[in-house]
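Chain nomenclature is as follows: A, B, C and D, assigned in order of appearance, with residue numbering initiated at 1 for each chain independently.
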Amino acid sequence: MSKSEGNSKNKCAIISSKLDTNEVIIDFLKKAMDKGIFDAVLMPLKVPAGDSFAYVLIKDKTLLKDGVPLSPIMSVQGAKAVSSVTRLGKAKMKIAAVMRPCEIRGTNELSKLGQTNLENITLISMDCPGVLPMSDFLIDPEKNIRIFNEAMQKGDDTIMRPVCQICDKSSMVAGDLHIGIRGAKKDTFFMISNSQKGNDVLDKLGIDLKGDINSWQAKVKNIADEKHKKREKHLKELKSKTGGLDNLADTFSQCINCHNCMRVCPVCYCRLCYFDSDKVKHPSEDYLKMAERKGSIRFLPDTILFQMGRMLHMSLSCVSCGACEDACPMSIPVAQIFSMIADETQGLFDYVSGRNIEEPIPLITYKEDELHDVEDAND
Amino acid sequence: MEMKIGVYICECGPNIADKVDIAKVINAVSSIDGVVVAERYKLLCSAEGKRFLKEEIKKHALTHLVVAACSPKQHEQTFMEVCEKAGINPYLFQLANIREQCAWITEDKDEATEKAIRLTRAAIKRVCHHSPLEKKELECNTDVLVIGGGIAGIETSLQLASPDRKIYLVEKSSSLGGLLTNFDKTFPSMQSGSKSIQEKIQTVNNNANIEVFTNSEVEEILGFFGNFEVKVKKRDEEQSTAEFNVGAVVLATGSTLFDPMQTPQYGYGDLDNIITSLEFENMNSSGKITLKNGKTPNSVAIIHCVGRDKTGYCSEICCMYSLKFVRYLKDKISNVKVSNFYSDLCIPGKTYQKFYDQTKGKHVDFIRSTDIKITKNGDKLNIEYKDENGSKNNLVVDMAILTPAMEPTSDTSRLTEVAGVSLGDGGFFAEEHQKLSPVSTTTEGVYIAGCAQGPKNISDTLDQANAVTGKILSSLIPGRKIEPEVKISQISESFCIGCKTCINVCSYGAITFDEARKISVVNEAICRGCGNCVAACPSGAATLKHFTFNQIYKELMEAVQ
Amino acid sequence: MAKEFEPRIVGFLCNWCSYAGADLAGTSKLKVPSSLTPIRVMCSSRVDSVLVTTAFLRGADGVLVAGCHPGDCHYDKGNYYARRRFAVLKKVVESLGLESDRLRLSWVSASEGQRFAEVVNEFNEKIKKMGPNPTRVKTSL
Amino acid sequence: MNEKEGYLDVLVIGAGIAGIEASSLLSNSGRKVHLIEKTSYTGGNVIKFEEVFSNMECSTCMVAPRQQELLQDKNINLLTLAEVEDVKGSFGNFTVKIRKKARYVDLQNCIGCNACFDPCPVSLKNEFEEGLSERKAIYVPCAGALPNVPMIDTENCIRFKGKECKACQEACAFEAIDFNQKDEQLELKIGAIIAATGSDTFDPKQTPEYGYGKIDDVYTAFEFERLYASNGPTEGNINLKNGKAPKSVAIIHCVGRDQKGYCSAVCCMYSLKFNHYLKSKIPDIKIKEFYTDLCIPGKSHQKFYEKMKETGTDLIRVNEIGVEKQGQGITVKYSVGNKKGNLPVDMVILATSIEPRDDTPELAKVLGVSLDEYGFFKEENPDASSVTTSKPGVLIAGCAQGPKNIQNSVSQANAAVGKILSLSKKR
């Protein structure tokens, strides 16, 4: 079952505009800043050199025009940006954070983990077409920006990252506001509110929530179902390719223990990763002993332990954003593997990371009567 | 300092020696780094054995001790004491269980020897990573806050108050006494209830060591066992707040009656002459049992178990007080006919059946019934019911008394927040352990007494009040410090990033969040050392003393060698 | 002839129930395979999944986590959390196509000496059938 | 403290759950406790249970840590096989004489290896296991008993009947067996006494209509507890005498209630617990509970009852009931109102009433306290706290005061301690 349809209780407005999606969002933000609804906006901006994109906190509204909400790449996972602004307390001004659905879900997870304070943050998402693989993009940024925009227009995801191609939550509304493109008539957009905060923003802007959301929901469901099928098929194939000790070892044989995947991961929020700490650094005699037993031992050691450990620690919060895979210098399909694991572990508890800010992360709670297939209480 | 580990294998008579080739074990462990001596002894837990160990520790200037012998449940404490006497920290010791979990369960001697080597090696490797741990002592306040001025709170206060222990008794309403002040008599002795409580209230008022706050509510309780800070809001003419410190808190907030308006089938509130048990107590205390029209009832129905379906439990005392009501009625109106509509007679304990036997009799009926409905019949009441065989029946009476279920008082859930305890079955305060700790909560230093813990009679309520007294008087003693558990969790300030996962999984509220530093902090006085937070913490910021990752890792590495 | 495969099983036993149950197996002189190396922890909730994974990847042929029966935890609710963590661990191992049958969670009470012996015997037999854990000799782990 | 100011030590009689809890709490307060126990082991009746209602918690897991602590507690002087012979004086200043029977096994030397059992030539029914298994003349009642040190039953040991047997002594590697041990008499100066001697259960041989003792597979509650116990005679396998598992069971409530004249407060709940026992071992088993009034008071118990009902427990309210042998089987004959019924079953369990221990009158006399009409210790005032007796300084706790569940026993144990500590500080 696909879980990516919009919330059925969502209210929506239909906005008519001849602008493109990026422009519509920026226009909306500008109006909101004019009315003093937001003091600042956090969103991707093209860097001055023009060859990349970065999250920028924009206080001067004249700079809004350079914003690219639907940037062709995910340079930094937005949840990390929100966390850096609010980890130590609520933002001192009202900020609109414009991000992709997976980034918002990451933000929600971090909020549950005390790493963001969303009190003064309004989370705004949009239907996500995916992003380009970082390594592809960097070959010729200018050309790739163009290609990306064309693909986006056509709704073609074949050039996007593999995890984007199998993302069945690309329209999931998990923040306060969502701008919908899918299923919209020409020159119209859906402005969907998902919270009281969202309602208030639209109210102040004089936008009535009276639009009919059905065509967006139908289209979104359609895409999500299709992608969900693709996801299941792809992950199954991946499982057979990487599954088993030999395949797994082969898959990670190129890992250089740089831990970049962990560093860019939005939900890897630890100050110091467990696997970077002294706890997992053992005296050399331990490794010598292992070498003796095995005949030889690969260095750096404990690659699989690191990957499995990270799965144990954060697969329940993984939002399949793909940041890890972009960051892997050895092109290991980390994000795909993590997506596969995350679907399984989250499925144990019927949990979808970041879907709902009220839903507790499964490991901080329990039910008395559950999971009997993993225990053997009576013979 | 250089590590000098002594390893001693206990023969335990033939128990280990016959099953394990001890010489082989000694041989296998002697060469491990840090081991300066490995020897066998016939019985290490004997007086001579302990003397031997003590001398060995001194002779070899040992820094760490490993004993391979029986289960730690048997003699861990024994050998820790030897360490202490010999001048090494008792936590620099490890016991390898090569008797219960090796010699006694393994048939083959080679296998047993091999396993004994494994277990002893693991203990040696582990002990290398032990840290000396010290007992701590914490100052404590011995005063007590008692919330609720009913019989449970009053009894607790009276038992606890003394010149060196001040009691703060906080009551929500304007006067002390609680429900009991309404009772003319109490079962089974039929002594005067209100008189005995008035006497106790007088004693409370005369006790200089009890400060009573009426019309007051506890607003805030911060801190932990031995050191709570309390804020009480007084609803006097001018609102004011009192602040004081105590070492323990007693929740004795009692119970209230189920509201029969929620069960319209009984006609309460609609029809005249249908009253609740509490209303009947008051009517009886006023001296006269009358109908609305001033006449004396000739027939009365007592409806048991009102609201039981909704609350989901038996309130324990209703059958008995219904029998008491029969006595009230018979005392005042000798020829009255009383019919008890009940489902099961619950009169547990040694004295109640006699009370029942002496109450039943002429004009006292017990009708086992279901599906009761009360309707109007002229100026009388018609009780419709299904009898035991399922056939419909009815009875016309002058008056009906409802015995509603007992429920937690309205401020119970607010107080769970204030006192940091949880709600249990039926919405009453949850005890720490259903059987063994009925008056404690999972928050150390917060106790429950009386009907706040669940429906019960006066005698059991007083027992609980005294039980709380026992708990407090044995743990908060003037001049004595509190010794918390030694093997507790600690959270590294430099690793913690404040995700609060540990706080969420702790059953004892032992971890708090330091808002200023944005990190979790373990309260040493509360932590019991289960290690749940350690396994929950993804960053390894939480560690459990004496069960650290490394200590366990070393053990398991030996297990897989 | 090659020596019969002797599994290496790590057993994390909670102090209050399962370790006591294991002791009782001893006091009752029951037969328990020597392949199990017991490791005492105060509560099954102390057993973090990384420890179990470490044991597994270092070549343990089986890892047993044993604690008080649900509802009996000495620390109130620890075993419920332990069960969730174990479920996640098992799912991760299984999803990676590794042998999740080498991991076992059992509830053993202090009076269940017999059950403890049965659990270990059964697990030992199962592991014997599975053969040695290939992680033990895998070079690139 | 001297005689004038009063002694602080406390004597606790009975090392069941109430006695254990009272002793530990007193010890925490810094008091020295002499805990005397008639049998050779601690834990009383509670350690006979596999699980306790309503959470179905493992009883051993619950109590064993407390028993262990008790043995290691330096403030508690545990005297097993001991009984009070004489008490003189008053609150704060009692002189107590105690007779401590010889165990013939040294508590210090014995390491609990049980090597002495096998060579013992005597075999007899094990009382702890309700006679369902055998023991030797040197024995511990069950595996895991604490202290884990055997005793010699001199009534059955052939050496004490004049034979020259020392098989156990020869088997002992620790010189723990000492045939020359003598009974001792101790005199203690103490300030207060808590009697926590527990209770017994009604002997259903007094009610022949249930066929107990005459018909196979009719069990008392305690026998059934041991049948289910994982450390019991069958290691928890519920079997009929013929070795087969029962397919149908009748549980009869209130056995002995008419004779005793009171409701024993716990039988309905433990009968429901038996349901759980039976269903967990034999899922398809058919169970009928025959009862009169369901007495499941308190906030937690009805929930369990409802859970049991969901699993298909059949409860039948009866006014008359009897058990008869019919052919190879058992038939329960009962009447509901005017209707009569017959139910063939494989096994019958009798929920027997709780009654005072035989030696309660004797102990009451020694302590100088009175008994109530049922033979339990009488509390000072039935409407007040039930732990005080007519004699100051002598308190009661647990089932010695009347039938009750574990929670209330523990409450009373704590309450007795509360009374002692609170009174002493004021005295």
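Assume a contact is a pair of C-beta atoms (placed from the backbone, for glycine too) under 8 Å apart; a residue touches a chain by one contact, two chains touch by 3 or more.
Quantities reported herein were computed from a predicted structural model and do not represent experimental measurements.
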Problem - Innermost chain, where centres are averages of C-alpha coordinates - result: B
Practice task
Let me have the rounded angstrom distance from the C-alpha centre of chain A over to the C-alpha centre of chain B, please.
Solution key: 45
Completion exercise
Per the C-alpha means, the centres of chain A and chain D lie apart by a whole-Å value of 62
Problem - Distance between the centres, which are taken as Cα means, of chain D and chain C, whole angstrom - result: 35
Practice task
Among the residues of chain D, pick out those that touch two or more other chains and give their numbers.
Solution key: 55, 57, 62, 112
Fill in the blank from the handout: Residue numbers in chain A touching two or more further chains are 274, 313, 363
Handout entry: Shared-contact residues (touching 2 or more other chains) in chain C
Key = 20, 27, 29, 49-50, 54, 58-59, 69, 71, 74, 77, 81, 85, 136
Handout entry: Overall pattern in which the protein chains touch one another (line/ring/star/complete/other)
Key = other
Practice task
Identify every two-chain combination in which the chains touch.
Solution key: A-B, A-C, B-C, B-D, C-D
Handout entry: chain C partner contacts - residues on chain B that touch it in the complex
Key = 71-73, 97, 99-102, 104-108, 111-112, 114-115, 118-119, 122, 432, 442, 487, 505, 507-508, 528-532, 534-536, 544, 547, 549, 552-553, 555-561
Practice task
Going by the contact rule at the top, pick out the chain C residues touching chain B in the complex.
Solution key: 8-10, 19-20, 22-23, 25-27, 29-32, 34, 37-43, 45-51, 54-55, 58-60, 74-78, 81-82, 85, 117, 136
Problem - Complex interface listing, chain A residues touching chain C - result: 239, 242-245, 247-249, 253, 274, 290, 293-298, 301-305, 308-309, 311-313, 315-316, 340-341, 344-345, 348-349, 362-363, 366-368, 370-371, 374-377, 379
Exercise for the section: Within their complex, state which residues of chain C touch chain A. Expected result: 49-50, 53-54, 57-59, 69-71, 77, 80-81, 83-98, 104-107, 118-119, 134-141
Problem - Residue ranges of chain B in contact with chain A within the complex - result: 494-501, 504-505, 518, 536, 538-541, 549-550, 553, 557, 561
